[in-house]
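Next, two complexes with chain A in common: one pairs it with chain B, the other with chain C.
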Partner chain A sequence: MATQVSLYLAGDRFLYRLNPVTKLVVVGCVIMLTFLAPGSWTPWLMFTLLGLLALSNNLARPFFRSLWRIIAPLALFLFVIHGLFSPDGQTILLTVGPLALKQEGLAFAWLMTGRILSVTGVSLLLVFTTPPAALMLALAQHGVPTALTYIMGTTLQIIPQMRARAAAIIAAQQARGLETTGSLPQRVRALRPLITPLVLSSLVDVEERAIALEARAFRANRPKTSLTDLPDPPGERLLRWLGFGLTLLIIGAGWQL
Partner chain B sequence: MILVDNLSYSYPLAKTPALHEVSLTVSPGEFVAVIGANGSGKSTLCYALTGFVPHFFHGKLTGRVSVAGQDTQITPLAELVTVTGLVFQNPANQISGAKFTVYDEVAFGLENLGVPRAEMPGRIAAALSLTGLTDLADRSPYELSGGQQQRLALASVLVMAPRVLVLDEPTSQLDPLGSRDVFAVIRNLSRRGITVVMAEHKLEWIAAFADRVIMLAEGQILLDGPPAAVLTSSLLETHHVGRPRFTRLAAQAQSLGLWPANRPLPVTLAEAVAGFQSILTGRENHAD
Partner chain C sequence: MSFNERLKKDFSTITLALIPVAIVLNIVVGQITSALKLPIFLDSIGTVLVGVLAGPWAGLVTGLLTNIIWGMITSPVAAAFAPVAGAIGLVAGLCAQSGLFSNWWKALISGVLIGVAASIVAVPIRVYMFGGITGSGADFITAYLLATGRDLFGSVIITVLTSNLPDKVVTALVAWGIIKALPQRFVVSFPRAEATLAAK
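And now, the complex of A and B:
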């Protein structure tokens, strides 16, 4: 049976109590600092702070475990490729046969790994501490069109449904003798009889879903209310603007120095 | 409660009308079942009673449909949902997709209607209780079985307090257990006085619980009356609807001279049992 895609982990610490929009602003600020502030240590500093934040919110284990799984293979790839084959590489640190490990390539891989860790880390903290429905509601409350937040929320839940349907179609076509394994050309040939029913049935679903939404007054021309109370105190709103201003200030000052 | 006056409707680009000069009235609290072969116009009638025809499907409509005093052609769909609720076949496609728990899913319609937050918990709890979903309130709608999802669709419509409930083959995609649970909820709602119009193929269930049966064929009303009259008609066989199994059994017995020609054919198990018992008792008395 299809289940929802959500990385939310229940909790009640500091990050959980923030309005989702505040957390989105934090994500934006971290991304800006990671990419725009000078220094190859900046992304690693951001990542350290994020690690501490995860620790203080009881999320250290899932935080570091997820990052290890996502980033480790990528980081290894970055260090090997850039360390050995970077065109900017001048300073040779080590030579093994025809291969030479260069300092400039490693420095670039270091910077990129720090950036990826920082951006992925802050995004993980957002999704770990924010129920998707709360995020959609917060966006809608801040002027994002309801239709857009609906599409964002639905996408999360439709992916597993589509996956389950695709599996059913594959099984049905295999039962009719379609070969879905084997060489690449064979697999490519098998795609059409799999994709066509998937797309057509999804189109039929769209009409039924539209009817279901209409039957629930989704397009009612009156102000919507919300079951969930999502506090957004003035202090937090001020903090968002201050955080954004501080980020710009740090980036500007960094480049001045 | 419902007034359909000379309704004809054609879908866009269709050459033949899906409904042709249909007229009917439904009283408050009545439970009306609509039967007919595939393509007979059952779904279109359901859509017409809920305003989706013509608001959603467009096409050409003549005649008039009025539900609880609201003309469905004039009243916007978003307003009609508080008067007439629609539940259709595919349970999974009736889940909004925007909510992550059963409880929030039921609240979705109330949020769209702008119902004050303080009013919501009571209405949601009542809808969940009516559909037997109270214990599943914290589950994801996508983790429910088909029958549970269909009851969720019912709860999501009921929470908006419609005066008429229109159901388009609500159990056609469910297993027997899921169908039984959904039918139990519908029967309960009908007993509570809500007006129900239900397109359905399961004739035994209709025979047991509907007040009235309407049979459609090629977009027209062919039969309209109590279950005992409509479900025993031979027209059901000629229009590929079939008759309830108890009726077929008694009809076969009648052709063999085992069921008296003057005795009405049964539509329910209880009627069939009573009929055969009375015949057997009569024979025993005759033999004595």
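And now, the complex of A and C:
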């Protein structure tokens, strides 16, 4: 299991040492605060805090680079489309020919961009600092059925295999003269000879895997021993509950004001 | 049989072995289709297959986990649409149970139903989390609709339906074709075999 598929980046700072469930709770709290706490500057405040967190964990470059890659097109379209065409637009800021830039649209785009940035940002921090195996183990420790953690773990493991197989099939079919560029009907016809071998050969594995699972008594209802140890200090547990309570308080207080 | 018994039967060992393969198929076939620069996604083939072979609940789980895992390996934005993928698997399973995968035109109808269900779930997520924007070409359609005076919700509904329906119809037809090509011996080992055997 050498090739890595996830976005995990090795490191040893503070965020890496937190239990994965704590990080999941943080993600949940940030999502709640972003969408439920009032104020159009709140998401941007959270985004700034997340940026500082990334910086203090040596993740600033991947953090901002990934966010740029994912969010830039979204933000661009948000500002342009809502700024020009928002149905709530009343206050006109500037006119270019038949198009008018409206303030309400821009304000909406500002709010939505802030929200997307902070939610995506906190998710990125989670994925950057948590190896999938640790995440599965933490979930299993907290009662998630082994079937689910098995599914997620296996999926991540077989992605490189499947990609290699797909590449081999594409190369083989192209060697037999398959047209993968050109007109639309040509490209549509290329789908079947590429997908059918991939799907059918993958499904052949399924029976073998099922037999292997049954041979290892996977369905037996016994606690499974793990090779790695994942500590969950009571301090973090307390912190999770406090964090959740604080989130509710902030949201409630925000709406009172 | 009771709901719990049904769940246990649906999530048999072979279903658990199928789901990871189906999830990876979703991801890889989606990548092949986008490499061919086609106007469809075809990224729910695996979900629909699981829905038909192993029932609506297994389909729901496959869809949800596909997007969550996609979020872990490419972009967290995909994880926001997990309920959409879940709905695809759920409706595919329900259609199969009602015999709607037994021939090609019934599979087409299933595709339409799946597309409508996916759109119903996708629109609120798009509007409330992303302001109706996708960051892709579909936004031009949304912009045009907004410019002609529609409200955001209405514009997004039309955009989402026009991009989802053809894709889900093609997905359902491809899934039907695959199931027809599967050996009967394989199909019979799955919990919802009765529904799929009707297609043979």
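The rule we apply is simple: the second predicted complex is superposed on the first by the 243 of 257 C-alpha atoms of A that agree within 3 Å, B and C clash if a C-alpha of one lies under 4 Å from a C-alpha of the other, contacts with A are read in each partner's own complex, and residues count from 1 in each chain.
Keep this in mind: a residue touches a chain if its C-beta (ideal position, glycine included) is under 8 Å from a C-beta of that chain, and two chains touch if they have at least 3 such contacts.
This structure is a prediction, so every number in the text was calculated from the model and none was measured.
Contacts of A:162 after superposition: chain C is touched, whereas chain B is not reached. In the superposition on chain A, A:170 contacts chain C only, with no contact to chain B. By the touch criterion defined above, A:220 lies against chain B but remains apart from chain C after alignment on the C-alpha atoms of chain A.
Touch criterion met: A:229 reaches chain B, while chain C stays clear of it. Of the two partner chains placed by superposition, only chain C is touched by A:203; chain B is not. In the superposition on chain A, no contact is made by A:95 with either chain B or chain C. Touch criterion met: A:133 reaches chain B, while chain C stays clear of it.
Using the contact criterion defined above for the overlaid structures, shared-chain residue A:183 touches neither chain B nor chain C, since it reaches no partner.
Looking at the shared chain after the overlay, A:256 reaches neither chain B nor chain C. Of the two partners chain B and chain C, more chain A residues are in touch with C.
Comparing the two interfaces of chain A, the one with chain B and the one with chain C have residues 6, 132, 150, 154, 158, 205, 209-210, 213-214, 218-219 in common.
Residues 1-4, 6, 131-133, 136, 149-150, 153-154, 157-158, 160-161, 205, 208-229 of chain A touch chain B in their complex.
Across the interface of their complex, chain A is touched by residues 11, 13-14, 16-21, 23-25, 27-29, 31-33, 35-38, 42, 45, 49, 61, 65, 68-69, 71-77, 79-80, 128-136, 139, 142-143, 146-147, 149-152, 174, 178, 181-182, 186, 189 of chain C.
Looking at the complex, you find that chain A touches chain C at residues 5-7, 35, 70, 73-74, 76-78, 80-82, 84-87, 108-109, 112, 115-116, 119-120, 123-124, 127, 132, 147-148, 150-152, 154-156, 158-159, 162-163, 166, 170, 180, 184, 187-188, 190-191, 194-196, 198-200, 202-203, 205-207, 209-210, 213-214, 218-219. Of all residues in chain B, those touching chain A in their complex are 50, 52, 55-56, 76-79, 81-82, 85-86, 88, 90, 92-100, 104, 107-117, 120, 124, 140, 142-143, 153, 156-157, 160.
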